[in-house]
Every structure is written in C-alpha cells, then in structure tokens.
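Two complexes follow with chain A in common, the first pairing it with chain B and the second with chain C.
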Partner chain A sequence: MEEHDGLSELGRALADLDEGGVEHLVRQHLDHGMSPEAIINELSAGMAEVGELFRQEEYFLTELIYSGDIFKNAMAVLQPLCKTAADGKAGGVVVLGTVQGDIHDLGKNIVVTLLECAGFTVVDIGVDVPAQRFVEAAVESQAVLVGMSMLLTTAFDAARETITAFTQANLRDKVKIMIGGSVTNENVKQDMGADFWGKDATAAVDIARAVCQ
Partner chain B sequence: MSSKWAQTIISGAKPRAAMPIMLSPASELTGIGMIDMATNGEKQFACIEALAKQYPSLAVHTGMDLSVEAEAFGCGVRFTDDEVPSVDKRVIAGMEDIEGLAVPVVGTGRTSAYLRAARLAGEAISYRPVFGGCIGPISLAGRLMDTSALMLALMKHVAQAHALLEKCTDFLIEYAGAFKAPGVDGIIVAEPMAGLLSPEKCETFSSRYVARMVDALQDECFTVILHNCGRTQKLVGSMVNTGAHGLHFGNAVNMREIAPLIPADRLFFGNVDPVGVLRNGTPDDVERTAIQLLEDMQPYDNFILSSGCDLPPGTPLANIDAFFRAFDCFQKNA
Partner chain C sequence: MNARQRIAAAVALQKPDRVPVAPLLDHYAATYAGYTCAEIMTQGDKRIAAVIKTATELGPWDMTFLADTANATLLQMGVPIPIKLPGRDLPPNSTHQFNEVEFLTPDDYALLERKGFLLFMMDVMGRLKPEWKGLRAGIPLVKTMLEYRRHAKMVKRQGMEVAVGFVHPGILYEWFSLGRGITAMSADTFKRKDAILTAGKVWRKGMVNLAILASRFVGVPRVFIGQSRASPEFISRRNFETLVMPDLEYTVNRLVAAGITPIIHSDTNWTKFFDLFLRFPARKCILELDGKSDIFKAKEILGSHMCIMGDVPAELLALGSKEEVLDYCRKLIEIVGKDGGFILSSGCSLPPNAKVENVRAIYEAAEKWGWYS
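Moving on, here comes the complex of A and B:
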C-alpha cells in the first residue's frame, strides 16, 4: 500500500479523521483481496497516530472519540471476515470501570479510547461497578491489568473493597491494578494497595504498555 | 470596560483578597449536610453566611452544583450527604431527542432554591459581594446527554449539537438573569467541559454561547466570572473573547503561562489544587503553594488568589485557614 509519513493511505485517512475515506478504502482493499487482518493492522497504525496527536495536544477529546467511532465502524465490517477470533490487537487485555458509588465516566472513556488507540483490547464494564464485577470481568477476559476510575473521594472505600476482592479470589499476583481520576494521587494509590496510579490518560497507556510487555 | 467591581479591585481602590470557590466546608461550621445545602435555599444561605462570617473572602457565592440546571431539564440526580449532587440519568438518548427537548421555566426543580439562596445572601451579606452560580452551555449539554455522545456529535451531528446548545443557552440566560437581584453582584459560569475541546471547537461550541450569556447579563454592576478548570493553555484567547470580566482557571494550567495572556482590565483567578493540596494536603502544603503562586503572580494587579475549582466536601477548615493566612502573610510582606 502507498505510504504517507510512514502510514498507509488507509492509516493516514484514519489519522486525518476522514470517515468517508476510511469507509471507501476498507471496501476497496477488501475488493482487491487484501486480508481483513492486514487492513486492521493499517487501521491500528492510524489509531496509534491519533493517540500520538492527542498526546501532543494536536488532537483533543472530540477528535479522539471520533477516531474511535470511525475505527469501530470499520471493525464492524472487518471482524466478521477474520478467519480467527483474534481482532488483530496485540497489546493485551485491560479491564476498566468506574468504582461502585461513582457514576462519572468521562475520564474512564478517554482512557478506553487511548488504550484502544495503542492496540489494547479493552473490556469497559461501565460505571458504579461492584467489586465482584471487576473480578469476574478480569477472569472472563484473562486481563492482566485492571483500571479503576473515580472522581469522588467517597469512592475510595469501594476501590479498596475491589482490591480486597482480587486478593480474596487469589488473583492479586496475576492481575495488576491501576487507579486514576482527579481525586487520586500516589499517596492514595499506596494507601489503597494498588499497583499503579495513572496521573492522566496517557500515563495509563504507559502503565498498560509496561504491564503487558 | 470592566465592571465597577473589577475596576475597583484592579485599580487598588479596594483591597484585594483571596477568593476560594467553596460552599461545602460550611457543613462543618453549620452542621448542614450536602443534601440540605443543595435542596433548601434558606439552608444554603445559612452556609454562605457562615462562610462570609468565618473568612475574609473577596466575595461569596452560591454552590457550584453542576446538576441543578440538568435536573430542571428532567435529568435524574443522585444525592448523598458527603458529595455534591451529580447527574445519573440523562434526558437525551439520541440526536432525535434534541428537537423535542423542552426548555424548562426558571424555578423548575432546585433552581428556585439556588435563586432563593442568592437573594437572601444579597439582602443579608451587605458587607461582601455576592455571586450566583450556574453551569455553562456545553457543560449543561454534556449532562443532558452522554458526554462521549456529545463529543461525537460535535464532529458528526453539528447542526443538532448547535440546536441543543441554543436550548441550553436560552435557559441559562433566563436562569442566570434571575440571579440579578439587590445585593447580587454577578454570576460565576462554570464551563469545565470546554476545557476538553480544541481551541476552534471551544470557540464554536462554547465561547460563542457563553458570549451570548455575557452580552445578555453583564453590565457595570453585574460581573460574569467564567470558570474553566480544564487544560486551558490554548483556550485563553477564546475565554477572553467571551467578554467575561472575570476568568477563573483550574490547576491543570500553569498560571505563569496564562497570566500574560489576560488583558489588564480583566480579573483572573486561580488556581491552588483543590483536591491534592486543599483537601488532601496539610496546612503547610497550602501555605507553601499559595505563597509561591502569589509570588509568581506579583506583577499582575488583576490576579486574585483562588482555588482551582470548588473545594470538595471534607476539605479541612485548617487548610482554608492556612489559605487565607498565606494571603495575609504575603500582603504584609509585599
């Protein structure tokens, strides 16, 4: 495929948020016999570029979410055509949720999109999530990293209970736990017994990369 | 031309003072819980008055409760006695719901309680400027519908997004206008969601609507303070363009970078970390941070020491004492 700045034409179209261009090129590549897996790889490279542009503050939240929407629409076409269940992502599985008692989702959603941009498979279990649901999701998805988001200090107890639930399920040595949200910091992380504190969404991606290496 | 209030402060005709954004710390002073504070105008006024008596703040204000207006539109709100209320049920599930969305009348839901609190404060707290508070247009839109869906709408469904913002702005002009009463000196418009946008989108989807509010509300005797606690380094110009006489910044920005961008005839406020320092830090942390900020801002006569956002419940009074002590100490040594 033709390359622009290290990206294929399709990857560049995604990085440029050209929704029509992505739709057209995906169809064209399929018509020309390109494998769905190869197309997904080009799209993933485009998403990685979006993540980089967000990190550089060239893109903002709207652009980030729009890129995720374009990517998901393309995946809806490609995934049924894949020969295996693999979705072309090699980054590992991360479970993310907002802890019980807290219903804020914006920060979590930013982390979800950035992790997807970086090639991770993200299991988003929503907001107001009970401790046991975090454990179930980690077991079901075989995640190695669980992220707990919180915007309220009153959610700290629920976060502690979630970590305890992982310990009681004998999973604490298999699953790393990171926390994030504007009320969290390094001291809160230590107090809770979490493994990582993500200062912002890009830090969460760095943590995921380190854990899933 | 600035409002009289801003002019007297900038010119030095009136002594400067610190002005943290806070209401919930009054709970410790009055025994009134967050639910009563957020639902009962008389009790909220009692909290405002308690803070006015306890602290020499530049001004006092009604609660920064960003669920009030969304509730008036029909959203569900979750209340607890140890956190500010938050929206937990949206009224817009899809773009098709926007056209039929009814703009509520002022007084719906708890808007009447907030207006009552401001009016009582305006009448009773004659020794201190009193401000009302409301949410900004795009921040309201982001509560009426899922935030991520709104962000997507700004890219894919622009006409519908503007239609929603028009409705939000129409309501907010009426609501904020209702705060204009004897003794009420202005309004703090909280627009944190604009901090998530690019400069172009901030201008298109936030500032132009805030400017409509400013045009309708602000005059010599009524000051609009625009609060945005997001990453606003690249948004300062857009915030200035709204015409608001006061600009309030959060701790996501470095005030040394922001300050040179603010016109000398506008007040600007910021930005001690409300959670990491004021709630979770020690009095020493608060004093050290506040004094450093005051030193950094010494060249700017239009700077007002403030918190980066509303102080969360549980902020120790000892830390608020330290905040004002730091300001006094700095003023005496300046």
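Moving on, here comes the complex of A and C:
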C-alpha cells in the first residue's frame, strides 16, 4: 500500500477531501480483494488526520463536516460487507439530543458526525427531546455518556430537568452528562450540574474518549 | 448630546458625551411588557408598544431595534427555511425557531443566476409559503414596510434612534448556508465554488439595492447585515477571502456610498478575521459582536477603524447576578469604550429569560461609568 506522510493513498485522499478519489479507491480496493475492515482502517486514519488538521487550525468546520460526509458515503458501501456489525464501532455508545423546547440541530448533528467518524455508536434522539426520553434512550442503549445540545437560554430549565430525571432514575452515577451549544459555558455546566461542557465538536469527541475508555 | 449625535459620534470614532446604549431587542420585549412572543411576532401594535416600553423603562436607551428579528412577516420573507412560530407551531411564549432542513437545492444557484434576484426571491417565497406565490408576496411586503416606517417614527418621537432601516440577511454564502443546511453547504464550499461566486454577484447586487431602497423609505440610515456561518469557526481564511469577502466588501461599500451605516452583526467567533475588516471604509461601519468573539481584541485591531458594538453575553443576562453584569459592562466601557467608538449592547439578542435587573444594569453601567467628560 502506497504511503503518503504515513497515510495510505486512500487515507490521504480523504484527508485532502478528494471525494472522487475516495470513491474510486474504495471501489478499487474492494475489486482487488482488500477486506472492508482494512479499508475502514485506512479511512479512519484519514479522518484522524482531518481531526489533527482541525486542531492545528488548518481545517475548519466545513472541512470537518465535508470529510465526515465523504466518510459516511464510503461507510454506506463498506458496512454491509463487514463480517460483524460491530466492526468500526468500538468506541462506546453515546446518546445525543437537543433538549425540550429547542429544535436547533446544527451543533448536535456536527457532534453526531464526528463521534461516528471517531468510532462511537451514536443514538441520535433528535430535537425538542423530553427529559424522560433521554433517560429511556440511555437505558435502552446502555450508554455511559449523554450529550444535551441547546442554543437557547430558555432551554436551560429543560436541561436541568433532564439531569434531575437521571438522578430520579438512579442513573446519575452510571451516566455522565455533557452539554454543548453556543449559549453554554463552564458556568452553565456548573449551574445545571452536568459533568462536562464541550466547547466545540472536537471537545465533545475528546470527552467521549475520556468517558468511554 | 442627543441620541442621534451620540450614535453618530461613536460611528465616527469620536468621543460622545457618554457611551451610547443599544441592546438588541426582540423577544425580550414580550417578556418585559407582558405579552406573549406570539403576540409581538404577529401584532405590530403590541410589538411596538413592547419595544417602546422596554427601551424607555429599562433605559432610556439611545437606540433600539424594532424587534425586527421577532417580526414573523419579515422573518418569513428573509429566511430560506421553514420557521416554527409561537402560537402556531410552538407554545405562545416560545421564541421562533428555524427548522434546519435542506430547503434550497444545488439547482438554486443556477436558478438565481438565470431568473435574477427578484424573480428568484419570488420563487423561493412561493415555495416556502404558497399563499405568497408570485406577486402576492408584494402585499404583505408593502404593508410591513409601511408599518415599519410608522413604528420608526414612533420610536424617534421618544428621543431614541432606530437601529436599522432594513435587515439584510447576509451575503449569498450566509443565506444559502441557512437554506442548504450546514452539511450540504460544507460540500458546496468545495464542490460548487464557481456556482457560489457567480450566483453571489447576482445576489449581492439585488439585495443591496433592496436594502438601500428600504432604508431610505423607512428613514433610518443604518442597515443590519447578518453573518454567522462564514465565520472562522466554519470556514478557512482562504475560502472566506474567495467566497465571502468580495460580496461583503461590495455590500458594505455600496451602503456606505449611499450614506448608510452598515451594522455588521457577527454571530459566533470572528476574532481571526478581524484584520480583514480593515478593508471596510474607515469610520463608517459598526461591528456588532455577540459575546463569542474577543471584543477586546477587536478594540486592539479595529478600534481606530470602526465602531464596535456589544457584547453582554446572553447566558450572563439570564443566569448571572446584577453585579456580574455591571462588572462586565464596566470592563467593556473602560477598555472597548476608551476614547470613543463604542456602543454598549447585548451579545446578540437579549434572551427572553434575561433578569430585569440585569437588563436594567446595562443602562445603569453606562450612566455610572460611561461619561467621557
């Protein structure tokens, strides 16, 4: 396999946002008998490079999102060919939703994309989500991390109620809760009693890695 | 100095007698005046009564918005995605919310180029709201503009300035980012650059012509330009310089040439692009920040070039104490307001659940620490 700066040709194509190149190389690798799992590994390395470029401020959200889109399209081809459904999903389970009273999904969707690309199984419960639905989703999926997104200060009460619902269900010790969204910060996290505040999507991935280790 | 002179001095980077106060008012007017958000979004008389009550009793402020961003008709005409409205789709006391679906298609770039600005806008409005299809959007538009002009006169009679005569929804990249959705627009940024550039030229000319016309009709020589998704949080400097800056410069220059002050309303963190704003005409523009950018860095880089407006954060107004708000305002006045060129305001809109004492504290801070002489 040809290497470019430590990345395979496929990994480099993804890191360079070469959508056509990724499609072509995935197809070529499959035609040459390469296992879907090995191809996913190369793609994951490419995504890791994208994340690194983002940290170095060479890439921005548009690059992150577009690379996630290319990655997902490739995974739609590869995942049905994998031997086990769990392949590529070794990171743990995270429940994500926008709290009740708020229907904004931009930030949440970015976090969903990045977590999936980082190998997490994400249970996306949508927007305007009642407190009890967060609890049910965490129980059903056995998630250890729940993320609550909000873009409105008026959603703070709903976020507090959601955390209370976890406490009342005796799950507060088992489930970590992170918050994110443009109106949140460390003070808001402390005020509502959450465990983590993700200042952006990559911080959310770092939190997920720390919690799910 | 009166309010008009104070704002004019701040824009010209001169020292007014006192730091002008101009929070961004929309849904909070309903909270303070005792109306529902649904009422002020759809009933003009209640909206203007709420605006005047809030801006006079919690100030008097030097300048106020007419709750433009809580005007259901204006919003539905300016935003290319379905909007959930209180009283219709949401409880009456909710704020409106954008339903971020992929409403505009890749073909809309070419459609805009082919049809031209006005016919394209009519097409989009007809798709969003069938009862506004074709020329039928003209009736609510004219009624809204007449109402807007009447409301502007009511505010001026109170001795306050009206913040803007028109809300420009942003250059094409911004507007299409809302209409296409962030995932599709991220791909367009790399796959449809030529389409963005070509359509952008049609959009910028049509929208700025409309902005100048409307601003003159209303009699308020300031225009709001919205921007958020072209910020350095979303796109690289290279893409900004290619896809955004030419349209933004064109828009700002056309407004300034028409004697209009652009209020460049910049949501999210724009700190890394501040230096690019030095290209705008000096002493003619207002940069409005929402609490996410580094407003103190803005003063360093742009303080001798353009007026800065902001930025008491929404979360501080909703959760903080009055003392915390006063402290923050004092810091803004002493650092960003040093030697003039500053308008004290909220970071984006006052949140509807802001504490009354916190909103009042903005004006109190200006009265206590904002006098220059």
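One rule holds for everything that comes next: the second predicted complex is superposed on the first by the 211 of 213 C-alpha atoms of A that agree within 3 Å, B and C clash if a C-alpha of one lies under 4 Å from a C-alpha of the other, contacts with A are read in each partner's own complex, and residues count from 1 in each chain.
The definition used in the following text is that a residue touches a chain if its C-beta (ideal position, glycine included) is under 8 Å from a C-beta of that chain, and two chains touch if they have at least 3 such contacts.
Keep in mind that what you see is a predicted model, and the values were worked out from it rather than measured.
Superposition model on chain A: chain B and chain C are shown in a clashing arrangement.
Legend: residue contacts after superposition of the two complexes on their common chain; A:Glu9 is shown touching neither chain B nor chain C.
Partner contacting the larger number of chain A residues, of chain B and chain C: C.
Of the two partner chains, chain C is the only one touched by A:Asp191; chain B is not.
Of the two partner chains placed around the shared chain by superposition, neither chain B nor chain C is touched by A:Glu23.
With both structures placed on the common chain, the touch criterion links A:Ile103 to chain B and to chain C. In the overlay built on the shared chain, the residue A:Glu52 is in contact with neither chain B nor chain C.
Judged by the touch definition given at the top, the superposed model places A:Phe60 against both chain B and chain C. Contact with chain C, but none with chain B, is seen for A:Phe156 once the two complexes are overlaid on the shared chain.
For the contact definition in use here, the residues of chain A common to its chain B contact set and its chain C contact set are 17, 19, 59-63, 65-66, 69, 103-106, 109, 152-154, 182-183, 185, 187-188.
Residues of chain A touching chain B in their complex: 17, 19, 57, 59-63, 65-66, 69, 103-106, 109, 152-154, 182-183, 185, 187-188. Listing the residues of chain B that touch chain A in their complex gives 78, 80, 82-83, 86, 88, 146-148, 151-152, 154-156, 196-198, 201, 231, 234, 275-276, 279-280, 312-314. Contacts from chain A toward chain C in the complex involve residues 17, 19, 58-66, 69, 101-106, 109-110, 113, 152-154, 156, 182-185, 187-188, 191, 200.
Only residues 84, 94-95, 97-100, 182-183, 185-187, 189-191, 232-236, 239, 267-268, 292, 314-315, 317-319, 351-354 of chain C touch chain A when the two sit together in their complex.
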